[in-house]
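We call the chains A, B and C, going by the order they appear; numbering starts again at 1 in every chain.
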Amino acid sequence: MTAERSDSAIAIRGVSYHLPGGCALVDSLSLEIPARLTLVLLGRSGSGKTTTLKLMNRLLDPTAGELFVEGRPAKDWDPIRLRRHMGYAIQDVGLFPHYTVERNIGLLPEVEGWPAIRARERVRELMALVGLDASLASRYPSELSGGQRQRVGVARALALDPPILLMDEPFGALDPLTRAELQGEFYRLQKRLGKTVVLVTHDLREALLLGARIALLESGRLAGLYTPDEFLRTSDALAVAYRQAFGAGSGPSHPPHGPALGGAQ
Amino acid sequence: MNLLDYLIAHPHEVLALSIEHISLAGFSVGIAFLVGLPLGVAIARRPALARAVLGVVNSIHVVPSLALFGFLFAVPWIGDRAPRMAVLALSLYTLLPILRNVCAGILGVDPAVVEAGRGLGLTEGQLLRRVELPLALGVIIAGIRVAVVLAIGITTIAAAIGAGGLGELIFRGLAMVNDSLIFAGALPAAILALLADSSLGWLEGRLRKRV
Amino acid sequence: MTLTPVRVLRAAVSVVVALSLSCGRQPSRAVVVVSKNFTEQAILGELLAQRIERAAHLPVERRFYLAGTYICHQALLAGHADVYVEYTGTALTAVLKEPPVTGSEAVFERVRAEYARRWGLAVLPSLGFNNSFAVVVRGADARRFNLSTLSGAAARAPLWRLGVGFEFMERPDGYSGMVKAYGLSFRELPRVMDLGLLYRALQERQVDLVVGNSTDGLINALDLVALDDDRHYFPPYDAVPVVRQEALAEFPGLREALEGLGGHISAADMRRMNFAVDGEHRDSAEVVREYLQAHNL
C-alpha cells in the first residue's frame, strides 16, 4: 500500500482543499512529481497553485485525498521534519529583518544544532553558490537590493541541503533584467544540484525556461501535464490560450541565453 | 511652609514614600507583564478569543480605580492588606495596554516573514522566540511604557486605602487644605512618571529602529 | 495633552473642593449642615439636621463626609455651609493654632471668644460629651503586656507600628506632639489611611496601635482597649455646634433648636449610636430619628 514509484518525490492523489465556507481551492488533484526534476505549477491567480504548494509541506492539510512524500504519507511525517526536508522560498522572500544575511541563511543549521564552524562554512558555501559577495554577510536585508534579497532567500532555502525545493513565484517581484539574470543562474544551479523543484509561476516564459514538466492548473484542477515541447505543440484550449497570451512562438524549451550565464555546466 | 521648605525638612519621608510608590507601581506592572505576555501571544493566534479576552480586560477600565480598590476589600486574603489590594487593582489596570500591545506587536510582524519562517521548518516556539517577539519588541515596550505611566498615576489613589506611596502626602495635604503638602506628593509622582515615560520612550525608539 | 498625575490631581482636587463647597442654592434657602468624614460626624450632622427640621421647621440641606476639619471650616467662612459640629480642642489647636490649654471651660471660652472675634462664628454650648483622640490597642495585647495607659505603651513602641488618619499626621495636636510628649519611638513612620480603615488595620495586625476616637462604637465591639492619656497631652474635645452669625440671624428658631441639644448627649449615647451604625450597619438617619424621639428632642 505504501510502496510507490521510486522516482516520485511527491505524489498527490485526489487531493482537495476546501475553505470553511465550502469553496474548493484545490479540487481532486492528482499529480506525480518526479524526483530530481523541476516541475512547474503554471496557472492564473486563483488556480490553486500556491495552495497546492502549501499542501506539500503541510502549511495546509488537505480536506480530501492524500499526499505522499518520498513514498510515505505526508500526514505521517512530523510537519517540522517535513519542512526541513524541503526548502521554501516565496515571492516576498520573508527574510528576517533583524538578522544579518549570514544569520538568515544560517538559522536553520543553528536550529538543527550544527556546530558553529560547520554552519559558518555552509553559509559561505551557499553565498558563493547563489552568487552573493562574501562582504554582504554582515548586512541586513533592508540594505540589499531586490535581487540580492531573493538570492539570500534561495540560499536560506538550501541551507540544510534538502532534496526537495518548493518555490512560490520567487522571481515575480523583480525587474525584468534581474529576473532574467536570476532565472538563468537558477537553471544552472539546478542542473548542478539536481534537486526536486516545485516552482509555482503564472509566467509561461519562466515555465518553459525552467521546467522539465509543466502542470497546468485551472480552478483547482489539473488541466494538463506537459513537457515544454508538448506544451508548445498541444492543441488543448487552455495551453493555446496561454501561448497566445504570451505571444509565444519560438520560445525554446531549453536553456536561457544571456551573458550572465557562462556555461560550464 | 512652602513646597521647597517641606522637601528640605522631610527628605526621608518623601524618599521613603517615593520608594514605596515605585515598588507598588513596578511590582504591579511586572505582574501584568508576566500575565500579559503569554496571554497576548495566545490570543494573537486566535482572533475570536482575542476579541473576547480584550473585551473583558477592557471592561476593567470602566470601573473607577477608587471603586475597584473598594470592591477588593471583600476578597479574602487580598482584602486583608492594603498593598495587596493596590497591587491587584494596579495589575488589572495595567494589563490592558500590555496585552493589547503584545497582541498588536505580534500581529504586526510582516506575514511574509512568518510564513517563510514556518515554511522553512521553524517550530511555533522557535518562530515566536526568534522571529515574532524580537520584531514585536518595539510595540511591546510601547505598551509597557503606557502601563508604567498609568500605574504611577493610579498608585497615588491607592493611598486612600492605606497602601502608602506619594498619594499619602496628597491626601494629607487635602485634609489640611495645604498646597505644599499636596505638591510634595504630586510633584515627585509626576517626575517619576516623566522619567519612566522618557526612558522607556528612548528604549522603544532604539528597538523600533533596528527593524 | 498627556495626563500627568499633577494635572489629573489638580482637576480632581478642583472638582472635589468645588463639589463640597458648591452653592447651587436657590433663593429661598435651606440651612446647610455639613460634617467631616467619619461616622460620628455624619451622625452628629444628621442629628443637627433632624433637630432643626423638627424643632425649627426649617428646610435643611445636608452635605456630609467633607474631607476634614479645614474643609468644613472653610465652608463656613465662605458661606457655603451654615453649621457643623466641631470639637473644642480641635478648634483651639488645629484651627486657631493656639497652644493647648487645660480645662474644659477654659478651652470652650477661648474658642468661643476667638471664633466670634476673628470670623463672626458662634460657638454654642457643648452637646454634652467629650470625644478625645484615643490611642487604641488590641485587647489581647493590652492584657498580655498589662497596658492601660499611653506611657505604659511607650515601652512597646519600638516594636510596634502606629496607624493614623491623614489629619492626625499633620495637626499641631497630632502625631508629632504626641510622640514628643510620650517619648515614643516607633520603628517606622506611621501607616496613614482613611479613618474608617483604622480599626480593620488594627485587627488585621497591619498596625499595632491606632489613633481613633474615644467615642468610637467599635472599640468595645472588637475587643479593643483605649489607653489612658495619662500625661494629658490631648486637650479636651467637647462637641460643640459652630454656626454662622448670619445664619442665626436669617433663620428664626435656629439658635433655640441648636441650643436645645446642649448637654443632652452623653458619651455613652454617642458610643451607642456610633456602634449602631459602624457595628450593626444600621442607617444613621434611622438611628438619629430613634434617638431624638426617645429623648423628646
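One rule holds in what follows: contacts are C-beta pairs under 8 Å (C-beta built on N, C-alpha and C of every residue); 3 or more make two chains touch, one makes a residue touch a chain.
What you are looking at is a predicted structure, and each value in this text was computed from that prediction instead of being measured.
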item	value
Residual chain groupings, excluding chain C and keeping positions	one piece
From chain C, the most remote chain by mean C-alpha position	A
Distance-to-centre winner among chains (Cα means, whole assembly as reference)	B
Geometric centre distance via CA averages, chain B-chain A, whole Å	47
Whole-Å separation of chain centres (CA-atom averages), chain A against chain C	84
Chain centre separation (chain B, chain C; CA means) in Å	38
Sequence positions of chain B contacting 2 or more other chains	none
List of chain C residues in touch with chain B within their complex	2-6, 8-9, 13, 16, 67-71, 74, 163, 165-167, 169-171, 189, 191-194, 197, 201, 204, 206
Parts of chain A lying in touch with chain B, wherever the complex brings them together	54, 57, 59, 80-84, 87-90, 92-98, 107-108, 111, 153, 156-157, 166
For the chain B and chain A complex, residues of the former touching the latter	110, 112-123, 126, 130-131, 134-135, 210-211
Chain B to chain C touching residues, read off their complex	13, 16, 80-82, 152-153, 156, 159-162, 164, 168, 170-172, 174-178, 181-182, 186-187, 189-190, 193-194, 197
